[in-house]
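Written below as structure tokens is the structure these notes are about.
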Amino acid sequence: MFLFAIGVGLCLLSALICVVNTRRDNSITRKAALWLTIAACLIFVSEGARTALNNQPLQYSFSQIAPQLQFSFSIDRLAAFFILVISIVALSVAIYSLRYIEASTSGIRRNLFVPLMNVFILSMLCFVASANSFAQLLFWELISLSSFILVMYHYEKEETRKAGIFYFIMTQMSTIFLMLGFILLYNATGSFTIASSPVLTAGTNTLVFIFLFCGFGIKAGIIPFHKWLPYAHSSSPSNISALMSGVMIKVAIYGLVRYVLFVLDPQLWWGILILIAGTISALLGVIYALKEHDIKRLLAYHSIENIGIILIGLGLYIIFDSYGLSDLAFLSLAASLFHTLNHAIFKSLLFLTAGSVVEETGTRDIEKMGGLVKTMPITASLFLIGALSISALPPFNGFVSELMIFQAFFQAFAIPSHYVIVLLVVCLSLFALTSALAAACFVKAFGVIFLAMPRSDTVQQAHEVPKSMLIGPALLAFLCVGLGIFSFQIFSWLGYQPPMPNLLWVSLSLFIFLGLTVILVRAASGHVTRRAETWACGMPTPDSHSEYTAAGFSEPILTFFKPIYKTDKVIERNFWDKYGAVFKSGRADIHVMKIFEEKLYIPVANAIRSISRKVSAAQNVDLDTFILYSFITVIILIIVAGWVL
Amino acid sequence: MMNPISIILIKVLFVFILGTAALIIMQKSLRSLFSIYAIQSLLMAFVSLVLFKETGSFVLLALAVLTVVTKVIIIPYMLNRVRKDSGIHHDAEFRYLTPVSAIIIGMALIFVIYSSFLRVFQLSQDNLFFLGSVIGVSLAMLGMLVIFSRKKIVTKAVGYLMMENGVLLFGVFIAELPFIIELFIIVDLVIFILLAAVLSMGIDSTEEDLTRKLNNLTKWFKQ
Amino acid sequence: MIFLAYLICGLLLLGIAAVVLKWRLKGETAAASKSSFLNNLTLAHAAAYLVITGLAIIRLPLPVLAFNNYLFMDPLAIYEVLIAEIIFFLAAVYGRGYIKNLLERRVIKVESLELFYGSFNLLMVIMVFTFFSNNLALFWILLELTTILSAVLIVTLSDRANVIAALKYVFIASTAMLFSVIGLILLFATAKQTSGIGTLNWTELMLIANSLPPSLFIFAFVFCFIGFASKSGIVPFHTWLPQAYAKAPSMVSAVFSAVLINGGIYGIIRLYSIAHQNSCWHTITVILIVFGVLSIAVAAFSMLPRTNLKKLIGFSSIEHMGLVLIGVGLGTAVTLFWTLFHILAHSLSKALLFFSAGILKNQYESSYLQDMAAAFKLQPLATWGVIIGALAVVGMPPFPIFFSKLFILVQLGNFSLPVLIVVLVLLLIVAAALAYLLINSLTQPGENTLKPYRIDWTMKLPIQVLFVAIIGITVYLAFGLSGILNTITASLGY
Amino acid sequence: MASFAVYFVLNTVFVLAVSPLFMGLIKIVKAQMQGRRGPPLLQIYFNLLKLFKKERVVSLNSSFITLISPYINIIFILAASLCVPLVFIPAANYGFGNVILFLYLMVMAKFFMALGGLDAGSSFGGMGSSREMTISAIFEPVVIIVVSALVFVLNTFNIHQMFATTLGSSVLTNATLFLTAAALFIILITETSRVPVDNPETHLELTMVHEAMILESSGPNLALMELSHAIKSTLLMALLINILVPWGLAASVTPLNLLIGMLTFLLKGSILAIFMAVFESVMAKSRLFGLRTFFILAFALAFVTIVFELLV
């Protein structure tokens, strides 16, 4: 705990340095502050890892400040694991930011960046470490607040404004749900301490679960509540997107796991609910990602997908657990948590490298990129590793967690209820679809961004980014590979023998095959490589216009999933009179409906707006009416006081 | 314990006070309006006097004198000044309620207040106190009714004065109520009237024509 | 003694003002020197009050009764007075630059300066004595006087809209306050019926509280409530509030929002603490919560279509008064603790908001949100003031309202879950409206035609002080404030 | 360990050796069905050798992806081949044989093949990649359901053990396996890019998928691509064969058993190859978006298997 405190102190010190120096635009201060953050993150990583391995909970409580107001912290294995996840990502983001902040923006606004980022990271860590729900709520709000300001960083842009409003409202909504859940728990148990509470009635148990599920679900970006995620992730600076997508939404997962596992009494239908929500999020997330051509928004939709996968694991855990299948339950939970770590790593990696690309090209539209693999080879390779991991390809880490989930699914037949089995089989097939679509999506993303010819002029001026912007992601890429290949060993080390293949042997055999193939090909062929123009059926030299576009690439899949996208076609016609003058002209317009926005968010917003207008209109009158209001109220009060009370 | 004649007298006065209230609700001529208000205040002073005779509390006598001085003489005088200065002599506009419906609502109001109070004051010690409170609250409510149903600020001021009368009527039945309070209420009232008069004509009355300003005021009132 | 000190202080300064104005600053003297002289006096006045109150806290054993028990000083009164004085003092500091700006822009006339500062000082005196009055009737009268003085303060800007706003304020507040008198009389009669001696003193009412007949007391409470609620901007008696806030000069709006509306709530807290001794408090709880929720609801829905920054802040005050009403109504020691904390936090946040809004209004010569382009470039401090203030008001940590709001809501959850859900949804709408309006207005790109308006350091200082204070009271909660609030709660018989 | 080492070498060599053979056989049968003579049986081997010796021509636009993707393809397909015992089942499998691992090793190869298609910037390559990824994505649920039916019926998710189970039992006890086998056949057709999903013989942009992706490959690159494609077909064929008719698969490592195993596999593989060729000849190429029905059929078959097993 002492070292943790030192880490926290370093973070705060780093924030302070920048806050004190707000007036001057001084890059040395920012660098120094970031180095402090890096040091703090290193402490957190080592301490988190140590606590997770030792399995000895750390605890600390402050004295009570006011009625009900007390802070206490406790770091058990679960919390330590999440601290590890947060601090690993934070570490590489901090390294990445050393140059990114200097490169991406200008002015003294940058001085606010480091302190806010530190507060953001610290509040996430503290949320995880909190031992009472009140403190959790506080840090939850701090997470929201700091990330909100960071999202608003480029406030001049129209889209940022929209994203900011959306994000703020959604985070407030999540806080409200959490508040409801925590208040219910408090009122049932009489304390804010997070502990198993056998006194809960069935009704409270269920209600608390629903509230917490919604609250954490909004922050995690589960499907009906996901809309803020693509907006906020795409308009914030890339290192912040990495933090938000990599760890912030995991903090919500932590909350859910913590309460479901340690506080509430899970029921079968919770598992089914979480499973279905997870499956839908995963599937729709990836389907929406396929149609995105904004690189960061695409990645954001993939976050929704991966949160879905994590939830699938969690849902399976509850389902298996309620049938007493503890081995399977544990496998699902391990898969879910492992995927949490993996997603944090590869998604941050992707966001950071995408940030480099956006920084160099000045656009987020992948249709304008292309050919970057030649100008930014290292960034491209790092992105490729991230893409392979997120597509769940062996031997990278994403594969391992998805493999574990598949295996858990395959053993669904141990469940006695046929209905549940059929449900699980359906979810399984959708899950498989998700994972394959993700691969398709990343073939598109990598292919269109990095391969072939540049699609616009700005892209041609791109250069490889500075070292620190490579080291940060490289660290994560290294983990992607390492966690994949040595997954079996890591689990054994933690004392769990998962029923899964040892990828070390697979990698070894791949290595052998690679050596043999290279030797054989070298021996057989004449090592002559000639460069020539791409063949284009005899057409003149193909230029970038003849390349396959991102839209073209995903078109077949979009066609398959037409019912989900709800394309809205507006076709109007021109009618010509006999002199050739138009007397009715029209347009043809196809746009993909944003179904949740148009069917859920906007109607609700409009309803509130119309009530607001009415309430406002009622107050936008003259004195007579105001007195009339008072008059009526007084009469009502007299009647109530006389007759009712 | 009270002289039955006094009780009857007070009841008669109550009836008259309610009558003046009804007249204030309906009256369109400002001049008559102010006169009716003066009469109502006079009736209030009579109530105080009757009670003074019964209880012998000099507070009530002082109150009666004060009422006569301020409400029967000074305030109507001031109101008439305002009326003359502004050149407005009639307030024929009604909002929300026509005079007839206002009277009907007023009657219903009195009944509602009566029945509510009846339930609360079940074991009341003093029948007259109960009646006084009902009439007082009703008068206050009727004053409010005047405020929101009439257009001109002066009329509204009269409505407010009527409310004040209602409250005082209620107050006189509790003899021990410290005199200083009553005094303060009346002082407050005078300040209020001054303020309302000044406000309704604007602060800088030298610059512009008063009539136009007052007409404008009603227009401005829309927002 | 101590009360005389307050009074003499005020009278002395008024005397000095009158003399000096008559002899030294006659007519032809520059407007600026007159304004700064008057401001100095006001500052001195406020500072003197702070010193006296400080002395009183250190030296006097509480509660102090004086003037035939008409005045008294107990922890709650001192607390409220301290809040009021701090805000008055900051407003006076702020006013130094602010009034100068108004004079330059000819928004306020030199001739009305005396009236303005006079009313301002008088309002301070009366506000202090409102909180110190032990007698409910005296309390009522002083509260009514604040209405009239506020109206004068609004009117000094001599714009038509100001006159109308003041008129609305006077009519709505006064008519409602008359019902309070009915309540007072009923209370007096009830007390007389119970103990033989009619009384309106808080201290004596507290002693006989448990023997008051419940139904009569409820009746009296309801009537009193009507008036006090109208002073605190509780729906549906709130209708004067947004316009009055919008039209008043910002330093006055700050005082209104941070001090004046506490007056009504103060009365309600007092009355409720009497009810709390009585068996009828459950009924009153329901009434208060209904009005609290109603206030929050109307304020929440009214905020969304707002275009005027100061009106927006005004509606936020209504919402917070609703929350405070709920806090009072729940009637446990814990909620009272947090409600009192909420009042303090709300006052500071509102003062911050209005001070910042005042700067923005001077910059753009409009307080309409759509005019505030390039706010960050032109007025960074004021913009951050508005943002921090808004975040504080919404109840984001580490700002103090987060704590008070949360713990009041915790108790509300204990009272009724559906009500809690409704309130939370309404609070969400409030937050959404604030975020929506502020983000949209403050991030507008600006044309280059506007130049940054030079702001006097005296206008910046209060904002900076409030920044620190808002965070500070959260920290202070751990180092002493908590004890003070507990004392107050105990002194009210919880 | 020793057993696995033998398996490692033998299985790899065997699959490398026989894969082109089946390709050739299919070509001959198809030619015969169309009334042509067709190439010699061993022509594919000569083609591969020739390609290995030729120079490598790469596009000016291409990057290192073009260079590594054939290697990635072949090594991942070879690693996948370790999951499917063709001749004998080793005593220990060291994690190979996991059915998900098997599938995803192949997806990895496909991933790089698709990237390779995009690398040159030709619209053919892009089209091929797009279609390939689309088909594979749409088809994935089918594959997984079929696999889960297998897992359910055979009660293991290791292919080695599946074969061991089927080897140790008669067909009749696992009647539902026939349903699964039909579904597996559809997987085989789809994954190896055959009619009606794809037409391996065409260079017509309307129909090509797999060929379009490797259009820019040449020399050793193309050879590696072709070889890995052939191996993939063989692996899927082996999966079908050894689940449905595992007899002849060596249970213990003796030279005789191995010989029998190889011969029986060649025989069964040839029969299946002929059947595939016939099937391909009588089918018409389907529209890309018409494939839904085809996939749903496989999905239904597997699903019915699961339901049958649940009810019985």
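When the chains are written out, they are named A, B, C and D in that same order, and each has its own residue count from 1.
Operating definition for what follows: a contact is a pair of C-beta atoms (placed from the backbone, for glycine too) under 8 Å apart; a residue touches a chain by one contact, two chains touch by 3 or more.
Keep in mind it's a predicted model, so treat the numbers as computed, not measured.
Pairwise, the chains sharing the most contacting C-beta pairs are A-D.
Work out the mean CA point of chain A and of chain D, and you get 36 Å between them.
Put simply, the C-alpha centre of chain B and that of chain D have 100 angstrom between them. Distance between chain A and chain C, defined via averaged C-alpha coordinates, is recorded as 43 Å. Computed from the mean C-alpha positions, the centre of chain C lies at a distance of 79 Å from the centre of chain D.
In chain A, the residues that reach two or more other chains under the touch definition are 623, 627, 630, 634, 638, 641-642. Across the assembly, chain D contributes no residue in contact with two or more other chains. Touching of two or more other chains is recorded for residues 167, 171, 175, 179, 215, 219 of chain C. Pairwise, the chains that touch each other are A-B, A-C, A-D, B-C. Touching chain A in their complex are the following residues of chain B: 95-96, 109, 112-113, 115-120, 137, 141, 144-145, 147-149, 151, 156, 221-223. Listed in rising order, the residues of chain C touching chain B in the complex are 112, 137-138, 141, 144-145, 148, 151-152, 155, 158, 160-161, 163-164, 166-167, 170-171, 174-175, 178-179, 181-182, 185-186, 188-189, 192-193, 197-198, 215-216, 219. Residues 8, 12, 49, 52-65, 71, 74-76, 78-79, 82, 94-98, 100-101, 104-105, 107-108, 110-111, 114-115, 118-127, 129-131, 133-134, 136-145, 147-148, 151-152, 157, 215-216, 219-220, 224, 288-289, 292, 299, 303, 306-307, 310 of chain D are the ones that touch chain A when the two sit in their complex.
Residue ranges on chain B touching chain C, taken from their complex, read 119-122, 125, 129, 133, 136-137, 140, 143-144, 147, 153, 156, 160, 163-164, 166-167, 170-171, 174, 176-178, 181, 184-185, 188, 191-192, 195-196, 199-200, 202-204, 216-217, 220-221, 223.
On chain A, the positions that touch chain D within their shared complex are 370-371, 373-374, 377, 380, 388, 391-394, 399, 403, 406-407, 409-410, 413, 418, 421-422, 425, 428-433, 435-437, 439-440, 442-444, 446-448, 450-453, 488, 500-503, 505-506, 509-510, 513-514, 517-518, 521, 524-526, 528-537, 542, 544, 546-548, 552-557, 559-560.
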